Amino acid sequence: MNALQVINARFHYDTSVVIDNVSLSLTKGEFLGIIGPNGAGKSTMLRLMCGILKPRSGDITLFDKTLSEQSQKTIARQIAFVPQETHFTLNFTVEDVVMLGRYPYQRPFAREEKKDFEAIDYAIAAAQVEHLRKRPINSLSSGERQRVVIARALAQVPRILLLDEPTSHLDLHHQYSIMESLKKLNAEGLTVAVVHHDLNLASLYCARLVLMHGGRIVASGTPNKLINEETLNQVYGAKVRIVQHPDRGVPQIFLHTE
Amino acid sequence: MIKITLMIIAFLMAVAVGILAGPAALDAQIIQLRVWRVVLGIFAGGVLAFCGCLLQGLFGNPLVEPYTLGSASGAALGASIGILIFGAISPILAFLGSLGTGLFVYTVARIEGGLLRDRLILAGVVMSFLCSSLVMIIMVVGGRELYEILYLLMGYLGVIINSSNRMMIIVLIIISLGLVAFLYRFHRELDIISQGSETAAGLGINIQTFSIIVFFSSALLIGLTVSIVGAIGFVGLIVPHVSKLLFGPKHRFNLGASFILGATFLLFADALSRVITVYELPVGVVTSLVGVPFFIFLYKR
Amino acid sequence: MTEILFSIGAGDKIVGVTTFCTFPPEAKEITKVGDFSHPSIERIIGLNPDLVIVNLPEQSRVKKELDKLKVKTFVSSPASLSELYSELAALGTELGQRRAADSLISYMKQNLQAVTPAERRRVYIEISPRPLITIGSATFLNDLIHDAGGVNIFTDLSKDYPVVTQEAVIARNPEVIIVLHPLDITGRVGWQSIHAIKNGNIYGNLDPDQLMRPGPRLVDGFRKLREILND
């Protein structure tokens, strides 16, 4: 079943075309990676998929209902979006930040209810930030902050989780623990789509990859099928060598130099 | 809890001081006069601080307030034009002035999907200068109106209430308080917007609509306030910061606390001006004289 | 000032006035140099006057400019009746109309004779309602009220036109209120305990020009004040 389907979408800022007639379906329960060089349109694609940007033409459906016909709050109850970087101009506690994820369920003037607290307890546990719960957000490291943002997204109790480069600028520990958490959530039934800069991580964790270039999807398939020297040379303009991951057997990429 | 109690006690003290302090002996008439003055103080201090908190939240910028956005100066310009043409302050012209500058600033700062915060402040300051210059022209052209405009620019609570303006002021205050209550419902949205417009959009907030509602409601509030008591400065800038220091960043507390603290601050400032001199000192003068050292102390602590 | 010049027979010597100079009617025919507070220096110079009469403090900027340009000025800022008389005498000498000036002074002195009632009624003068502007002791109107048998409730303030609080007015509880603007003051909240309002001693029909502009018309204003304060 298609959780999210993008059909012939186009998008442009002013004159420069960013998304050029792209179609993509996200199957329920899958773990999709969107890869591609800088400026390929990956992030824009993600924003179209969660309704932050509206396509200039084409159509996007969420569980077979047109996205643009649904209120932003309705969408936010089904899709959670984790931006690449979040600046916290106000120094909330971790708990308060996660509670903001309950916004799509709350009515104006109403106080938080029992199910809100249950949801943030679950989200805080799933993102492994229990020990940071009462800490002010700006006292955390960037990796810890990213996990809090994921917790906030999980508090939305979404059916689909979209993440824009969740592990960029993070150290190995945080890269590992965030990707492992996502894997676990995916195993529990959450549909996940991640924009990835790091091809090795994408290959290691994503069941299916979509390669974007110049606002189009140029290839799609399992890491084994999609990642090959010829394609990467073409799209990235860099010479690479590909080897098998010692444990998982998926392709891993090395730069080739003389 | 203790902080909230203390705040309420301070507020009640300010009200008591507002009613008790002053040169005249207490009798039914003086009490009536002071109750009105206290009502104006609560209204103006509360609304200005509330708007400051709201705008600082919306634009994620601690420098934003009715003055830096140009709304207060625009309202003062509108009101001055009213004084020149009709010989009286017109709330509608004040609102139009505040709305006009607001619109201009908004248009300058608007980009696709959001607002440029730096440009917002810059446009606001530029508009403030423009409006001040236009007010100066009106002061030069007008004769007797000069004093009235001067007091309008600094703001004062010694407004004479009489049988002809009493109803209008009551109605304007009720409209303003209604707007404040309406805007308070957006405390969660403001919390979320502080974490970026993408986060907000992802959580289901329509930023465009939301910004327009908040921006123009506050322009209306500022216009109404200025038309009654003039453009009292400083309250809208300082009080939200004090509130944030006391109660943390959540707008659920901050919006309410800003209102109460703003009212408290203005009442004390006004009582002070009334006790130290028989002259009517524009209360805006006292708010800055008292507020600046207090603010520096608070941040240096 | 313009009306003083006319009344001492120097009206034909005037080459320029402000828009504020509306009396006598002939004054309106004379070239205007701008309004009272902001006359144009260039226009003044353009008329090439031998003497410029400036009113302080309102026209202090004009005086500074003219001093720089070495234009002769005569300063007028009468803060009391006696200052007004000595100014008139000096002006008469300056313009070669000393005799006419002296006769104006004696006319005014004769008609502005002080009365001394057993009890002086407390008077509040309101020039503007927003903000409340009244008169302090640095005005000849303050003297006029005193000489007419009353006392200005703000005679202790040494300024000319102080801005005061409503409370100060109520606390000083005037017995007579003279309103020099067209608005009604009887419905004011908090003012109902004031003696003058309770007893209806509010006078809004006096001509401000007869009270606030130096010149022979003060005599008419004084007569009305005397009537009000001694009925």
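Quick notes
Note that the chains are named A, B and C in the order they appear, and that numbering of residues resets to 1 at the start of each chain.
One rule holds for everything that comes next: contacts are C-beta pairs under 8 Å (C-beta built on N, C-alpha and C of every residue); 3 or more make two chains touch, one makes a residue touch a chain.
Bear in mind the structure is a predicted one, so any value in this text is a computation, not a measurement.
Ranked by how far their CA centres sit from the centre of subunit A, the chains are topped by C. Taking the mean of each chain's C-alpha atoms as its centre, the chain lying closest to the overall protein C-alpha centroid is B.
Averaged C-alpha coordinates put the centre of subunit B at 39 Å from the centre of subunit C. Note on chain placement: the centre of subunit A and the centre of subunit C lie 79 Å apart, centres being C-alpha means. Per-chain Cα centroids separate subunit A from subunit B by 42 Å.
Subunit A has no residue in contact with two or more other chains.
Subunit A makes touch with subunit B in their complex at residues 13, 47, 50-53, 71-77, 79-81, 83, 86-92, 96-97, 100-101, 103-104, 106, 108-109, 153, 156.
Those residues of subunit B lying in contact with subunit C across their complex are 22-25, 27-30, 32-34, 36, 89, 140, 143-144, 146-148, 151, 156, 158-164, 166, 274, 278-280. The part of subunit C that touches subunit B in the complex is made up of residues 20, 35-38, 128-133, 154, 157, 162-168, 170-171, 184-185, 187-193.
Subunit B meets subunit A in the complex at residues 60, 112-113, 185-186, 188-189, 191-192, 194-196, 198-199, 201-206, 248-250.
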